[in-house]
Amino acid sequence: MSKKVHKIGVLTSGGDSPGMNAAIRAVVRTGLYHNMEVFGIMRGYQGMIDDDIVPMHSRSVANIIQRGGTILKTARSKDFYTPEGRKKAYDNLKKHGIDGLVVIGGDGSFRGAQKFSNEFDIPCIGLPGTIDKDIAGSDFTIGFDTAVNTAIEAIDKIRDTADAHDRLFIIEVMGRDAGYIALHSGIATGAEHILIPETKTDIEAVVDSLEEKERRKKLVNMIVVAEGDETGGANEVLSIIKKRLPHLDTRVCILGHIQRGGSPSCLDRLIASRLGYAAVDCLLEGKHNIMIGIMNNKLHFTALDKAVKAKQRISEEWMKIVKILAS
Amino acid sequence: MSKKVHKIGVLTSGGDSPGMNAAIRAVVRTGLYHNMEVFGIMRGYQGMIDDDIVPMHSRSVANIIQRGGTILKTARSKDFYTPEGRKKAYDNLKKHGIDGLVVIGGDGSFRGAQKFSNEFDIPCIGLPGTIDKDIAGSDFTIGFDTAVNTAIEAIDKIRDTADAHDRLFIIEVMGRDAGYIALHSGIATGAEHILIPETKTDIEAVVDSLEEKERRKKLVNMIVVAEGDETGGANEVLSIIKKRLPHLDTRVCILGHIQRGGSPSCLDRLIASRLGYAAVDCLLEGKHNIMIGIMNNKLHFTALDKAVKAKQRISEEWMKIVKILAS
Amino acid sequence: MSKKVHKIGVLTSGGDSPGMNAAIRAVVRTGLYHNMEVFGIMRGYQGMIDDDIVPMHSRSVANIIQRGGTILKTARSKDFYTPEGRKKAYDNLKKHGIDGLVVIGGDGSFRGAQKFSNEFDIPCIGLPGTIDKDIAGSDFTIGFDTAVNTAIEAIDKIRDTADAHDRLFIIEVMGRDAGYIALHSGIATGAEHILIPETKTDIEAVVDSLEEKERRKKLVNMIVVAEGDETGGANEVLSIIKKRLPHLDTRVCILGHIQRGGSPSCLDRLIASRLGYAAVDCLLEGKHNIMIGIMNNKLHFTALDKAVKAKQRISEEWMKIVKILAS
Amino acid sequence: MSKKVHKIGVLTSGGDSPGMNAAIRAVVRTGLYHNMEVFGIMRGYQGMIDDDIVPMHSRSVANIIQRGGTILKTARSKDFYTPEGRKKAYDNLKKHGIDGLVVIGGDGSFRGAQKFSNEFDIPCIGLPGTIDKDIAGSDFTIGFDTAVNTAIEAIDKIRDTADAHDRLFIIEVMGRDAGYIALHSGIATGAEHILIPETKTDIEAVVDSLEEKERRKKLVNMIVVAEGDETGGANEVLSIIKKRLPHLDTRVCILGHIQRGGSPSCLDRLIASRLGYAAVDCLLEGKHNIMIGIMNNKLHFTALDKAVKAKQRISEEWMKIVKILAS
């Protein structure tokens, strides 16, 4: 466990998120600073299997800190689920002499890393890179802050039209299992209702409230719904509302993939830089199979098999604030 | 026709578009400068019928030039289609002494103005306010430039993800009858295919080309499709592609209403200011029932009944440029 | 202390910061929810003295959460430094029956509130609103996150030109006493050197390093300097560099007041909403003369006279990260 | 003159401007489409002299249409002013077999191209790339639209603060010889005064007007001044105002180099694509030593020695509109 790491590989896996490039840059430059060799592994685990592995220099990561996406590309690899795939991946790492791995991605990527590391003795460090902020063990994930800011910019634009037309808009944001993007963007844009998977959605109460607002001529309204809400999403909410309030001028807007891209926010660049730097430190110190998160402004280490999708509790206080402030 | 106009009303009608506020501001301040009284008519023609008419001062339009939407709100009025509705509208104008009207909107709004003006002797000046740029008699419409810039910012973000995942994205932009937003945003983002209502879409040729690109490992592709393209839009294009290229990682993104909102671009603010200023000038000069556009950088006047939705020809050269540059 | 508060006033004071409107909105709506009357006091303490005080309704704060600046305006009041001024202010509050005050501003504003509250028995709650993030007792201040994001967007643009020309840019950001904007924006844009008041700036070492980089043909460089750095700012740094490296193509850019304005970021809107909500809660609970901050994600209360400009220690680790990552 | 061109070089010269990359992309891909070889010449004319010349492929220009700056870098070359420098440049072109040149830049770059082409028989096509829009023979220059939009975004932010504090801001924008950025951004942001080199600035009348506005309590004001205005710029205007109105709260903001960078606007990407495409066409048709511009929406050709800095007349109408609308 405490043998010295000399050559490290870095990869991005799962859905891309803004700030991944800043993390790659930090891993590469910190590795080089410690006289390691650093390799970029393309397209996540698939690149390990296909031997799509390239040496990284300081110049390789110049001028990328501000770019969305990931220069190493990302993918979901089916082959890596098979023992043969993982064996092939290991052989390729060995060929290059890579003896440490940094994996930037979500909980699925971490499970892969854990399995791989159990089978072959390669220390793996996970960095939480996902726009959904749904990983246990970190207050932040790389990409979340950018994604919510993209969402509020879009919703601010939609409000211009909602106001001009006295319309109701139902806006669907990303978040299959977690409602954080919906919650934060909904509060930040003054949405009247925020529907998320973490809380039971009483859709009838929502329609009641819309009806009541219509009576007192408050016609501009916005509902922000997470794609993973148990109602099923914006189109399902629309059809329920249409049934009871057919005359209301109601529109749906699904923000979609614009939430994944774009130049990362300051916070995401900082978090990514700090975590990338820490990942190399951890490998040097002989740590392995942990995810590095940030909790209460401090680095926080979680065993990879505990870094699962978090069923986080949404604070009651926030839900109360939503109600009071949007009135 | 040449009787002096003393009190003017201004309204926005139809779909809202960024820059409408800049136009309102210009009408109000130019009117006041000429010692007219200026009234804001709320919610388009409906506000005329409901007597939702407010006096405007210089302060009323302070700090709005940069705002999306329209402070006068907009609506589509069914009542205005009836002779009774229009009579009521006229009576309300008369009550306030309004003897000239500036209508900011699209071709539907102009038809309404024309009809109204034929029945009652009120001179009407139309200003083209629509994100679709589909009005005969003007190279520009208020809102188009902002809408395409919003679209390219969104598509740039989507490309980050497309690149990271080697994916094909089908992106639907607004434009029920006109493909300008699709054409301009598609060229500006390097889309491989641009599907618009003005040209016959050979969807099989598109799929052929995707297949060929797949063979030579060009996997990142973007198709921009106008909502009014004869294929039916992004979801229809998706299902056709899925049939022939089921293994391709293909996603749909419908940009939707974000294209209507947002702070207007410099060009839209300038056009709106210039047209709003000119509208008052025209009323002073006794012109009536014209739309003011800009052609070859000069003001251009079109009779309101000729200011219809233009079946403009998309230049062959642009379609050729698209093919060559996206290769 | 524990007498019930029925009518509250809210004001913004000192330099404006993005998110102040979100805080005002939260105070107003939470107050109304608790059946309080809420008054907006214009232009900070000066409005108290001039009796520029207006009743606030739910509508008064509609559609402002996304606006920069402050609808209550702000000012620095000399009159409030005098006993006569404060007496007059108190009389005006009394006239309106205002028995609680929420002050959104920086440490100077808090000192004023403390003094006022000592003289007249009015409970005051302070909310940290400043782009500089230099208040003891809070990890965040309303406006900081927006300001650093504005700064990095500007610096990203400057880097385009720096890269195109192989130039050195010296960029001055705001921060008279605190280097946080410089530190965060410098890390996030990959600046080679970050000069801040909290650490001793060895300007000769900076020039040495530039000389060394020139030798190895690394010509694109950015130095981010806080206006309060002991060197004196960007122009002073330029003249020092020009003396030793006269042939280097070096430019200065002072970002200035653009850092104060703009639509607030998601984080600033959330913080502002949460703090505004908490301020009313605190008044209801009989708390007085405290600043509410957020530390480790929890509300944190600091006596107003302790909520001073913080001489915060910049972590050694960050300074090391800067060096390694910008190499 | 009409001999066929087989190998072309493309370079960017002078100050960088957003959209240059889109133009490079268009030249490269159109050249390849016509089975030409295309070479990128680094750092303008200096790269020709230093033989810093690289072959360009379709991939070389992938994913750059949205990037600010120029991937070919730019420089002002002193060596190119000498006959020896130009001879060396020619020898290098010959070595690579380059028999046609596309120069993207301003009037200074065109003069260089003209001189070079007179001495050595290489056809040169100029494309107007400058944020200043100061070239005779084109309604647009690559980069201008982006620069004014950057300027108005910055000024919109400054207005937030101006409004909050009732302040006067003097904002300096780029434009050494041309006032277009000042004029357009000033109108678009509702500036009270716009000071440009094309018109005589009556600074005393400006101060009179400020004094009069102060009397009627209109305290928020913005003056936009071009760096090339005969007053000398924002700091000079400030000192004049300070003398007569010392108590006014007046601030200066010099926008500086942020105006050169950033992702190009839709218009700049379109213009750049169209002009880059046309440049190759012109070389194929045997045209030489012309600048391609766009006038009245059509391509417009100007002999390189006529493509000088234009003393364009600012329309009287616009100056009148400024006065009326900002009242």
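In this document, chain identifiers A, B, C and D correspond to the written order of the chains, with residue numbering beginning at 1 in each.
Definition applied: contacts are C-beta pairs under 8 Å (C-beta built on N, C-alpha and C of every residue); 3 or more make two chains touch, one makes a residue touch a chain.
Just so we're on the same page, UniProt names per chain: A, B, C, D = ATP-dependent 6-phosphofructokinase.
In this text the structure is predicted, and so the values were computed from the model without any measurement.
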Option reproducing the contacts of B-D, where over half of them reappear, out of C-D, A-C or A-B: A-C
Maximum centroid distance from chain B, chain identifier (CA atoms): C
Rounded Å distance between chain A and chain B, as computed from the means of their C-alpha atoms: 35
Centroid spacing, where centroids are CA-atom means, of chain A and chain C in whole angstrom: 29
CA centroid of chain A to CA centroid of chain D, Å: 39
Overlap residues in chain A, where contacts from two or more other chains coincide: 156, 159, 163
Touch-based graph of the chains, sorted into line, ring, star, complete or other: ring
Set of all touching chain pairs, with the criterion as stated earlier: A-B, A-C, B-D, C-D
Residue ranges of chain D in contact with chain B within the complex: 25-26, 29-30, 32-33, 58, 63, 65-66, 139, 145, 148-149, 151-153, 156, 159, 163, 184-185, 187-190, 263, 265-267, 269-270, 273-274, 277, 296-297, 321, 324-325, 327
Complex contact set, residues of chain B against chain A: 12, 16, 18, 20, 43, 67-70, 73-75, 150, 154, 156-161, 163-166, 169, 251-258, 260-262
